[in-house]
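Two complexes, one shared chain (chain A), two partners (chain B, chain C).
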Partner chain A sequence: MRTDPAAAARQAVRAGLPWLLVVLVAVALLGVDYALGKATLVLTYAIAGLGVVVVVGQAGQIALGQAALVALGAYTQAVLVRHGLPAPLAIPAAVLAGALGGVLASLPARRLGGLYFGMSTLAFALIVEEGLARWESVTHGAAGMAVPGFEVFGWRADSTLAQALVSLAALLIALAVCRRLLALHHGRAWRAVRDDEAAAAACGIAPAAVKMQAFLVGGALSGLAGALYAHWIGFISPEQFGLVFSFELLMLAFIGGARRLMGAVWGALVIVAIPPTIALLRDALPGDWARAAGLEMVVFGAVIVAVVLLRPSGLTGRS
Partner chain B sequence: MLAFVQVFTSGVAIGCVYGLVALSFVLIYKATETVSFMQGDLLMVGAFTGLALNLLLGLPLWLAAPAAVLAVAVLGALLERLALRRAIGQPHLVAVLLTFGLGMMLRGSVASIPAAAQETYRLPIAADTLAIGPLVLAASHVWVVVVTLVLAAALAAFFRHTRTGRVLRACSEDAGTAALLGWPVARMHTLAWALGAAVAAVAGLLLAPVTFVHLNMGFVALKAFPAAVLGGLTSLPGALLGGVFLGVVEALAGLLLPEGVKDVVPYALLMVALLLFPQGLGAGRAARASV
Partner chain C sequence: MSMLRRFMLALSTSLALGAAVPAGAVELAADEIVVGTVSDLSGPIAMLGVPVRDGMLMRFDEANAGGGVHGRRIRLAVEDAGYDPKRAVLAARKLVQHDKAFAFIANMGTPVVMATMPIILDAGRLHLFPFSPHRATYTPLHPLKFQNFAPYYDYMKAATAHLVRARGYARTCLLYQDDDYGLEVMKGVEAALEGLTRELVERTSYKRGATDFSSQIARLRAARCDLVVLATVVRETVAAMAEARKIGWDVDMLVTASGYSAQTHALGGAAVEGLYGVSVLPHPYAEGASVELAAWIERYRARFNAEPNVWSVMGYTLADLFVRTAEATGPALTPAAFARALESMQFTPDIFGSPIYRFSAEDHLGNRHGRLAQIRNGRWVPITDYLD
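Let's turn to the complex of A and B:
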């Protein structure tokens, strides 16, 4: 790649401009505090979404239980911080827990691939959810547990601005690492396996090992997201990390376009925006039927269906 | 010993339901390469439709149940024509998201009906018990097993002895060649979805007297995935047998192992099965048979 500083600057402006616009509109519409709170959520979701983008979009495999890896990160972080470990030191453990979970979830299907990854990751997620609910001495079971705030050497990230900045820093680091991995032989091996497994194997790439690497990296990113999520939400329980969350993350990658890393960020923006939009709609609509409990589910389902049918390659992809 | 037999038979009964849902999943997967995440929702809609026909329209059960199955079959065919057809030939993720979204819409629609969202209902199918000597069986369990056997026999006859059934099998084996031979592949896809939806609805109606009818009864379909994997993911009899095996193992785990283990057993079995018997538990037999 050429490094022309003027062109690089132009590109940075072009990439940054839509985001500046999004931030300005959000602040104008929602107020600073609310917008920052939502921004924190978007940034955290985007980190977890990056994990799905790596597994689904880059390595071409399918992961149906990513929320469980977020849960592993969140619970590791929560338990360690509650035992007095400083938050920044707990984060590597949370990342490791997510990565380990990713490897374990994909291990049974590593030579089978395809739908079998979906099956094994789904089964792993259901086992983790049940395990978190049952292992009460550590996780407090289904009742959930409170998570202390994010603290670094006496500085507490308790304002929404601080939380957004910490999330932004984590996302930028995650994006940089992913970008580097994609440029290195890892990323090329992922894409080779995605596009043609037999051809990749013929070129001396071991597909099973490469797929496992993708699940490891995807799990690590989900673990990181989980660690931050636990702090920002302040309270975690097993049912937050159920099947619906896994599908939200899948949809996030799909909406944003799983072929590009930035797809995760755009997808996160859409996913986080959907519930408040539905709530607004509900208040705006006349009559009782809008109050019906199922409306949210119908609208959410309809959004998924519409996106899949209308934009099969996502918002950032060319269709 | 008596407790053991009792648990075993209830395991077989619930296993038949898992098996039927797994069978409906495999039927659709084989014929259309579409991974369906909405079988549980179709199951729930089937049970509610039967309930509504029985309670609201006053149809007798022997009429309401087949009518509900037919209605869900039509729903499946319609969804295939309108949306699911677009997922054919795309990556699995497209079908997974599409069926999950449609399933959410179905569940949300049922949840929007206040009477359906808040209560659990009993369908008065086989509500009493059967006593055979000292053994007391729930009639609903016996009913589940009998209907499953009849349905399996009917499906086997359909796939072996009718022209349509054989064409459907041909399209599942190799859609390209079947199309070259002039068989209507697209229509067979619609048929596969109608059949898959119908089998799920039957499972829902069979489950109705066992767990009652409620909004979340479709979660039982999650157990169909381990059942399908145990059966090798592409075998219809394998899916059914995998379901029965799973039901029995799960029931015995509930009897013998500490509380909570029962809920994890199906998924642990799935992962172990993938590690040790990736072609399904019947793979050895199938390989020997083909030699």
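Let's turn to the complex of A and C:
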């Protein structure tokens, strides 16, 4: 089938324009450094969001403790880099830690389903957070630990541009891998289990193994995001990876559209970038309104509700 | 063109555009000084964040009403990070680049401070008096970072040693919040007891936000503690003491400066009578206040329609240190010149009864001392001078 090049170009402009607009507005309003700093976090969160999209949107599992998998990646990266391992070499270990964590978190799925399994992922997250706080000899416990900057053979990613580029590269690789997986039998098996587990089993698909695969991939992506997060924030402590973070990631996927990979990117943009943008608008308010505590979060909540009402399938889904 | 490729193209173009423009340097307007703060106005320590911000606003308003500092008005740019380091990083970048903050004062919460401090220092801005017990806020020595609050370790060591010696306690125990704050207090208490050749008899922890302390109190009682040190904040202090009194255990307790608040006796009532606390600044009670303090309390009430508390005093004091140092620096205000002036300043006690704050070129921690107070008849009463 042939497509009209002019129509394709118009479609490309329509789809790309919002991104360009978002970044240009951020640059114009806040300056380059701020916009790039924000972009770095959006891209990093998008990687973790991809993990949720795979587990929740593709495999149809309820995951309430994804932040624990991000934490495993972040701590693995931090500990290895602090022991002198170059950051790029530590990243595979962080990805592996996240993947193994994902496999562990998926084990109850052999016996539990639906909300009960979701509760088990919540318990897993609590155990990981508690474990990180207690294993003081390695993690420095609740006191947290500083993480050195991202360095490759003497080149240090200490500018926001460099950090954004590293995160962008990681996100693009992650997107490409996920896209490939979704096109292969893995993706089809995830969707089959999501749509009807019994029917999938009747077709020769092993639901438990398929769910484990989804968690493995989701965990690996979370581990990668955690590794980068640790470098960009520069200080990690167990409380940063609590339930609030897990729910943020879940919200991210639903806002962006849990069934599409790009949903993670749009969701990350909303979750990470909207509150500081609201803070900017707040500064323009007169008198005591500008210093009202928690105003950003109230407006942010309203934006989320509006998105859910107007786009129930997420920003990238069909309205 | 696929969605992925379109996204790549758009983002790469934007990033390339961004790379073409250099990052901002320290720029001071002729008529304004912007002071930034990354606070917690909606998160777990908002109880501190709001009055600290209001105290700073009040002092800066006073300076502006008097013509500003060498003709420059001071504007406090407040960002709420809600104790979230991710939001804090974005907030710090906004304040540096968009608001052109000259200095940061009273950033709040260890994760927030540790995540934002490198950004602030790398941008050449002053990092002043953060609310974090972390030693990294003043060591290693950095020309632009200054701390005013002693680590919990230092003054809890002094307070515990003083109280144990004075009252002859034989079995000291600890109830602590399971985070960097609690651990810092634990180290201080252990060091104090080690100096007295005693041991911490029992220790038990809780997670931030806990409301039920029955198991912890039962455990401490079983250990026959005669002094319980509390590394708690207000609500937990009240809950722990109320639980002890409820089961008929009349043990003495000592809380850190985080529990030294008027809300402690307002919420706890009779249950917290006799509680010892460490104070790094006294609470501003209207009753019995000096003429100057009473006038200050009235001004605060009129401005914010709220009662001032110890956190308001802290905010006001920090802003006052900034104003006085900026005045001493002179019209040619730069971060380096401000830092040099601060290193040579000595701040004598004020209307609140603050300790003496003193910095030097070798030491950027302005105070290491707290004093003991006790709740008597529903208010905190100082019972010692600042302890060495």
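Everything below uses one rule, namely that the second predicted complex is superposed on the first by the 267 of 319 C-alpha atoms of A that agree within 3 Å, B and C clash if a C-alpha of one lies under 4 Å from a C-alpha of the other, contacts with A are read in each partner's own complex, and residues count from 1 in each chain.
Keep in mind that, in the parts below, a contact is a pair of C-beta atoms (placed from the backbone, for glycine too) under 8 Å apart; a residue touches a chain by one contact, two chains touch by 3 or more.
Quick caveat, the model's predicted, so the values are computed rather than measured.
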Contacts of A:131 with chain B and chain C, given as first, second, both or neither: first
First, second, both or neither for A:173, with chain B first and chain C second: neither
First (chain B), second (chain C), both or neither touched by A:281: neither
Per-residue touch tally on chain A - higher for chain B or for chain C: C
Partner chain(s) touched by A:297 [first = chain B, second = chain C, both, neither]: both
First, second, both or neither for A:27, with chain B first and chain C second: second
Touching partner for A:111 - first (chain B), second (chain C), both, neither: first
Partner chain(s) touched by A:120 [first = chain B, second = chain C, both, neither]: first
Which superposed partner A:56 touches (first chain B, second chain C, both, neither): first
Set intersection of chain A contacts, chain C complex versus chain B complex: 293-294, 296-297
Residues of chain C touching chain A in the complex: 1, 3-4, 6-15, 17-19, 21-24, 41-42, 46, 49-50, 53, 57, 77-80, 82, 84-87, 89-91, 93-94, 96-98, 110-111, 114-115, 118, 122, 136, 178-180, 182-184, 208
Chain B to chain A touching residues, read off their complex: 29, 35, 83, 86-87, 90-94, 96-98, 100-114, 117, 222, 225-226, 229, 233, 260, 263-264, 266-268, 270-272, 274-275, 278
Touch list for chain A against partner chain C, complex: 8, 11-12, 15-17, 19-20, 23-24, 27, 29-39, 41, 133, 141-144, 146, 158-161, 164-165, 168, 172, 175-176, 179, 232-235, 237, 239-240, 244, 261-262, 265, 272, 275-276, 279-280, 283, 291, 293-294, 296-297
List of chain A residues in touch with chain B within their complex: 56, 60, 62, 64, 107-109, 111-112, 114-116, 118-120, 122-124, 126-127, 130-131, 134, 243, 247, 250-251, 254, 289, 292-305, 308-309, 312
